[in-house]
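Chain nomenclature is as follows: A, B, C and D, assigned in order of appearance, with residue numbering initiated at 1 for each chain independently.
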């Protein structure tokens, strides 16, 4: 018995490598190392993540504390200007802008990562179901996916966001995440269908391996390439769409822990009188989104066998 | 007076940024020379990667400008092709020089009707008006043996069989009655029966139209059926040139000999075993250090790995050029058979 | 082909029905809604109860849904409670759809007209300055939040420079005649050219903002696809025929690289509605998008329901159109046989 | 499809052109030819003014409306028997030149203005006036829905079917210039309420012709008849010209038969621009000549840019409501007082409210009858608050606090920021806040009205100049959003409110209201009054003659450009 499974594993392993596994990954890595696009993107992402993790330490002040509140005079549209200890000044209610941006990095990363993970998880379940056990399961799941895909992404996110009676950080994340589920599902199903007829799977099946084993040991691992690419891209999308939600007033109303999209959305009414309140978070969002996109795109190209670009 | 004179043609690949990566530029074609007389059929034979296709492409001026360095000379009817401007070259391609490629499916545009793919050449080079061009195209297709040509005009490549596609390609290449036709492995992608037909077709056409033909192949069988003169290429250099009969009767270069004895022959006694060439191209040594074939060569002697052999008239058989220190002798051939 | 189309249309019906039930149930289960919308601040528990009963909102959800379907069948999707209180949702759609259509068309036209040539040139001069610029540019284009771009455009070109109007579809004072609801068209056919021009001026900034994402995507896809086609054998064949570069580009390269591009254009066109929600809000442009934005804010459920449904419908239809247009571009699909590369 | 491919773009263009020509054949410009040039308005008289409003009007029949956008329009078209004096909330003569009442305040005699004409050409006389009263009183079916005739039901109660008691009894024509209106009881609101936009005089002929009362319930809402949609006919200085829904603009033109001074403007265009920033930029770029409700944050800048900022007298109140229902600790006066002491109202007003905003001491502004400064004041004193909580054994009390999102009200310019401030204050005195934020119309009002909130931020915009419009609305019914009914003193409060309203004798009534205000602060404290905040409107420099009204009831009849 063990002997047999070992044999299969070895077999499938070889097939996997020839398909999408190690060798291709290695080749991809070789291409990436030389790709300036990737290096720039990776640089941005790493910087951002480090910042996000360390931000509580870096932030000089409590982002929720309106310490400069006494300098806020709505009647004269005055907000705290840059000053010693507050290089960027304060926001509409006198909280230290720099600290908010720093802590914002953390929240933004949180939104991006959680949304992506949830979308990924959902897609993984649906896609695996459909891809693995075709038949009516496939049909049902894919119909559902089609329904979701039949609404433009951001619109769907906004709709979902609006449908929560009481918006908060997690409804935002959820709204953005749900939109991504069908995308991932499609992706996984596609690549698994492609594999169902590939040699190593057939071989494994021929040797009578249990369906589950085939799916999890052989099919899933080989489908991950495109999924990883998609995930990096989704991270960027999630961050941007979260900002869109905030702009439409469907964001997280509790702004004690700031998130860049939220900061941008809240700054919309003072964008001409206090542009810095909008431009700082906007700038951060653009750079970070760009970073993830660069990484995603260069990954995609590197993993795409026939790409010479 | 030759129609095409290729002299000392060399093509060097330079991978982008090779200075940084320190890769040595590779010579795909290394001082190749040969002539093609009007109406003559010349074969370029060799394993894949020996540089025969690159030779053809460089003559046609189809090699990408970037990353390729073409030196030497290729005189067509007295004009130096290699020094022509891009525009001048375009004017000649399709008119004086035609080319047929290996894979007929991918070589035809899938979304353009066959007819247009033929007529566009006529329009380009002869300014033939659409209607008339269409008629000529039909005749062409008919000539290359495509049944019901009128209907075919409006059809798309995927609707034709492999053989038909190759015929169409040939029709395109010959549309403007070029004086030189280069066929690059025209039959490799087809199954055997079709191969024969296509070869026959080519033979017939060049005879009728008096078109000179360069036949590029790895298949000596093809050569046997078609070529007047054969150039055997190895690692970017011509190693043996001979008239067809001489070559098949008495291959002199061990590589040629190897090729011949590695293909089954109908006239050989039963029970004879095929002798494959040992090793692979990977074992080659650079020509600078001697004979590139030496490592695989049964006849290799010490000089082969010390002195680079030069192209020279065969001491035994005249009318033949040879690049070898220790050619195959008659006795050896006997020993083998 | 026909069977395929029919199947897709059926699928569309299915999608819309499923969506409508989903949305309807969810919307109804939410707080706020018609009653609060109608009574606003003056609401009292007593009046709430009365109105809820009057409107039959106390009946079981399915009863309500089927009543809704019944009314919907006769084109009655309920009456707006927030966007344009008192107007029927259908009327709002009919009246605002042309606006968004005008906007989307202009946006997608800009995206295509600039995006495809740029993508092609980038591919032709691969690795060159233009190439790198267009690639990075297109990536940035995706990274910039649409509404932020819209804000900046408006601030710079409308408020500071005053080249364009900041908001709306047309000056009220023009007293333009309405025929089709497409202001530009109306202006042309009624020969009120000032009105048409004014409408165009109102379109430009929002359209640019809206086109940013489709533009970026189109550039990228075109470039990639052209690069693929460029080293296809048949391009080499075309070269070997000595054809002129223009012919090779037009007939052999572009036409073959258009398939993926068309797909993208389709998807992007459908997705424009999402962008329109943001852009139209920024420019107070009275289209579907703005109605959605206000609808979300004021919880105008009848309008939201209809607009989201129709958005989905349009999206599906556009994609169907795209699939069909493959046949136009790719004979292998039209003539059934062959499959594809 | 194969064919479409064959079509060359040239052909397409041709086809398109042809289509255009065909269309233009059947499409004619319907421009009013005598269009006195739109933008140019240098002359004192003439010109067109475009004014940006928050929303588009629901319809043009004010009797069926409760929304500001509708009233903004209808107040230019219609006039009431009573009109509020420009710039005040004080009732003055309108279509009625003067009026008298019997001592018991149940019978009112109005003397009507001569020479007023409706836009449809019919005369305005006693007959027309009474027909209006009877129209209101005799609403049937959908017309009786609170959603349709909210103002009537708030102020007059029931209808002729007698299902609910009504304040209105009858209207009699004494002579063409005199009507006698009978009420079932006295209320301090009368006749001021006749100044409400909803109760403006409309042309009986026009209403008859266009079926004005035919309101139909359809699905989740109501559909209004042609009259309200298309043919409003009043006596006002402007006439309804057209409503371009596709463009969100209402066009009004000068009424040349107006009984009073004619308008300077040829045309008034009211354009809906929901987004506040968009309104501002429309003004800055000259697309509009004025707009409503500029964000206080922009006031300074707008003035700097040379625009005219017109600040309305504050006629509203923002309060922190304290519910009596769920959290019984809040029924302890000391806890409510602690909350009052915890809030730094001066700080809040200074930081988050526009200039001219005042800290509120009563639940209605001092321009209203019965206001008194002699009430218990709660100074900002966290320590006092802490000790009060301790006394009440409510230190660290957990409280559910509600604040609204997706809304900005005149009395609450930026709820998020105001709440941020309040939250800080309350947490500083050790209260544990369970924060609930909901969209204004997405559950906030609903929950607050069902008294789900322990503490909540809300306010009120006054309609007319009587205390009852404020505290009457809040407390007359013990089952209210403060759930005063659940408090021991709840019913007493309701009784006192009703009594004061029903007291005909002015002096007595004043005393009663002052007493009530004192008790509301000292004994009941169902809400902590926070601020009276002046809303504003803004016009470009060349606009003159617009008088800001505390009731946001500005008239454009005296407005001129340049």
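Odds and ends about this structure:
Convention: a residue touches a chain if its C-beta (ideal position, glycine included) is under 8 Å from a C-beta of that chain, and two chains touch if they have at least 3 such contacts.
As the structure is a prediction and not an experimental result, all values here were calculated from the model.
Summarising the inter-chain contacts, the pair of chains with the most C-beta pairs in contact is C-D. A comparison of C-alpha centroids places C closest to the centre of the full protein.
Chain centre most remote from that of subunit D: B (centre = mean of CA atoms). Inter-chain centre distance (subunit A to subunit C, centres taken as mean C-alpha positions): 24 Å.
For the pair subunit B and subunit C, the distance between C-alpha centroids works out to 55 Å. For the pair subunit B and subunit D, the distance between C-alpha centroids works out to 91 Å. Rounded to a whole number, the gap between the C-alpha centres of subunit C and subunit D is 37 angstrom. The multi-chain contact residues of subunit A, meaning those touching 2 or more other chains, are 165, 249, 268, 271-272. Residue positions of subunit C touching 2 or more other chains, listed in rising order: 30-31, 155, 159, 281, 297, 299. Within subunit D, the positions touching two or more other chains are listed as 281, 406, 438-439, 442-443. By the contact rule set out at the top, the touching chain pairs are A-C, A-D, B-C, C-D. Those residues of subunit D that touch subunit C in the shared complex are 1-2, 4-5, 20, 23-24, 27-32, 35, 38-39, 48, 50, 56, 58-59, 66-67, 145-147, 150, 153-154, 217-224, 244-249, 251, 267, 269, 271, 273-275, 278-279, 281-282, 284-287, 406, 438-439, 441-447, 449-450, 460-461, 477, 479-480. Of all residues in subunit A, those touching subunit D in their complex are 66, 69-70, 72-77, 92-94, 165-167, 249, 253-255, 266, 268-273. The residues of subunit D lying in touch with subunit A in their complex are 276-277, 280-281, 295-301, 347, 350-355, 357, 405-406, 413-414, 416-417, 420-421, 424, 435-439, 442-443.
Across the complex, subunit C is touched by residues 60, 62, 89-95, 98-99, 101, 103, 106-113, 116, 120-121, 124-125, 156, 158-159, 169, 172-173 of subunit B. Subunit C meets subunit B in the complex at residues 232-234, 236-244, 247, 251-252, 255-256, 329-332, 335, 337-338, 341.
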